[in-house]
Amino acid sequence: MVLRMPTIIVEGPPIGIETKRRLVERLTRAASEEYGISSITVLIKENAAENVGIDGALLHDKRRKKK
Amino acid sequence: MVLRMPTIIVEGPPIGIETKRRLVERLTRAASEEYGISSITVLIKENAAENVGIDGALLHDKRRKKK
Amino acid sequence: MVLRMPTIIVEGPPIGIETKRRLVERLTRAASEEYGISSITVLIKENAAENVGIDGALLHDKRRKKK
Amino acid sequence: MVLRMPTIIVEGPPIGIETKRRLVERLTRAASEEYGISSITVLIKENAAENVGIDGALLHDKRRKKK
Amino acid sequence: MVLRMPTIIVEGPPIGIETKRRLVERLTRAASEEYGISSITVLIKENAAENVGIDGALLHDKRRKKK
Amino acid sequence: MVLRMPTIIVEGPPIGIETKRRLVERLTRAASEEYGISSITVLIKENAAENVGIDGALLHDKRRKKK
């Protein structure tokens, strides 16, 4: 019987599918080895810059000022 | 005074509105009866196959291999 | 190959193990049938009344006033 | 050394960018002052009305009935 | 009919009940006014310093070094 | 200006502090390199076996049967 459980939720910016592939592969390997459980689920959440607040301002606005 | 609280977050694949209706109805009935609280909020999260990792690979890639 | 994914996170008050058993059994059956996926993970989160705010006041304080 | 941590996740309906700006600004100020930590991340999650269940029915359906 | 929904989840360090009271009161007022919805649920999550990683190290270890 | 954001939430079983150290270190390195962002927050959530449901049964009960 496989006792599954670990789920990793990643809240980050939008990324390409190649990055998703590597991210899932690496996060899973790390969690799998540290927990000693082979079965890991990863959920990648992509947050638009206007939905993220950093220290009180939208990431969307911080990026514009930076230019 | 109603003391609300239970919130159910469901992380799954994209589904149609009819399925959402039934899912919300059933999850709410179950939680409502078990908690003894009539007021339940359900949040359905739809995850694209390229944002889900299962045991180290994207669900998106697993599905393609399966064909 | 099993394509697992749905994870249900339930944020509610503390409950007994018998309630947890039934809650998991019922939520899983509902989600499993609606998604057409047999493999479902449920995470029960128990929130102390002093960690829950309802409409601006702690649930802990609302309960005391109610008596 | 800055010891960052507090993250605020807001699950609500879709809103405009001006509302997001004020929401992030106000939630951050409140959390920052109460925790005594200047560095706060806010994630705004916008949920379509057909992905939200309130007391057993989709918010999407409740709104239609209301008209 | 009240159309409830916004839920705010706050991931932070352990805090006292007085701080929780003010935090809930302030976060709720901000969200309530910005969303135009009076009914808001707040869930305060208290994370022990050994369960938080900041830039690759446990907050627990960072604090010890700081002394 | 540092544009922080990625937060990784890990829902797993209880683990020792040494495992937490390595887990945080490895997850952060992976996410940091893939996102190209040095600043990553990890939140480790430890779930008791009686709060986890796997395919309809509590993990707590599955483990007892296994013996």
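Here are a few things to note about the model shown:
The chains carry the letters A, B, C, D, E and F, assigned in the order they are written, with residues numbered from 1 in each.
Assume a residue touches a chain if its C-beta (ideal position, glycine included) is under 8 Å from a C-beta of that chain, and two chains touch if they have at least 3 such contacts.
On a predicted model such as this, the values are computed, not experimentally measured, just so you know.
Counting steps between touching chains, the shortest path from subunit C to subunit F takes 1.
Compared on C-beta pairs in contact, D-F and C-E come out with C-E as the pair having more. Of all residue numbers used where subunit E meets subunit F, under half belong to both copies. The two sides are thus made of different residues.
Against reference pair B-E, the listed pairs B-D, C-F or D-F yield one interface repeat, D-F (criterion: more than half of contact pairs the same by residue number).
Rounded to a whole number, the gap between the C-alpha centres of subunit A and subunit B is 19 angstrom. Computed centre separation for the pair subunit D/subunit E is 12 angstrom, with centres defined by C-alpha atoms. Each of residues 4-5, 7-9, 11, 23, 27, 39, 41, 43, 47, 52, 54 in subunit D touches at least two other chains. If you sketch which chains touch which, the pattern fits none of the simple shapes: not an open path, not a single ring, not a star, and not all-to-all. The list of touching chain pairs reads A-B, A-C, A-D, A-F, B-C, B-D, B-E, C-E, C-F, D-E, D-F, E-F. If you check the complex, the residues on subunit D that touch subunit F are 4-5, 7, 39, 41, 43.
By the touch criterion given at the top, residues 1, 3-13, 15, 19, 22-23, 26-27, 30-31, 34-35, 37, 47, 52, 54, 59, 62-63, 66 of subunit B touch subunit C in their complex. For subunit F in complex with subunit E, the residues that touch the partner chain are 8-9, 17, 20-21, 23-25, 27-29, 32, 38-46.
Per the touch definition, subunit C reaches subunit E in the complex via residues 11, 47, 50-58, 60-61.
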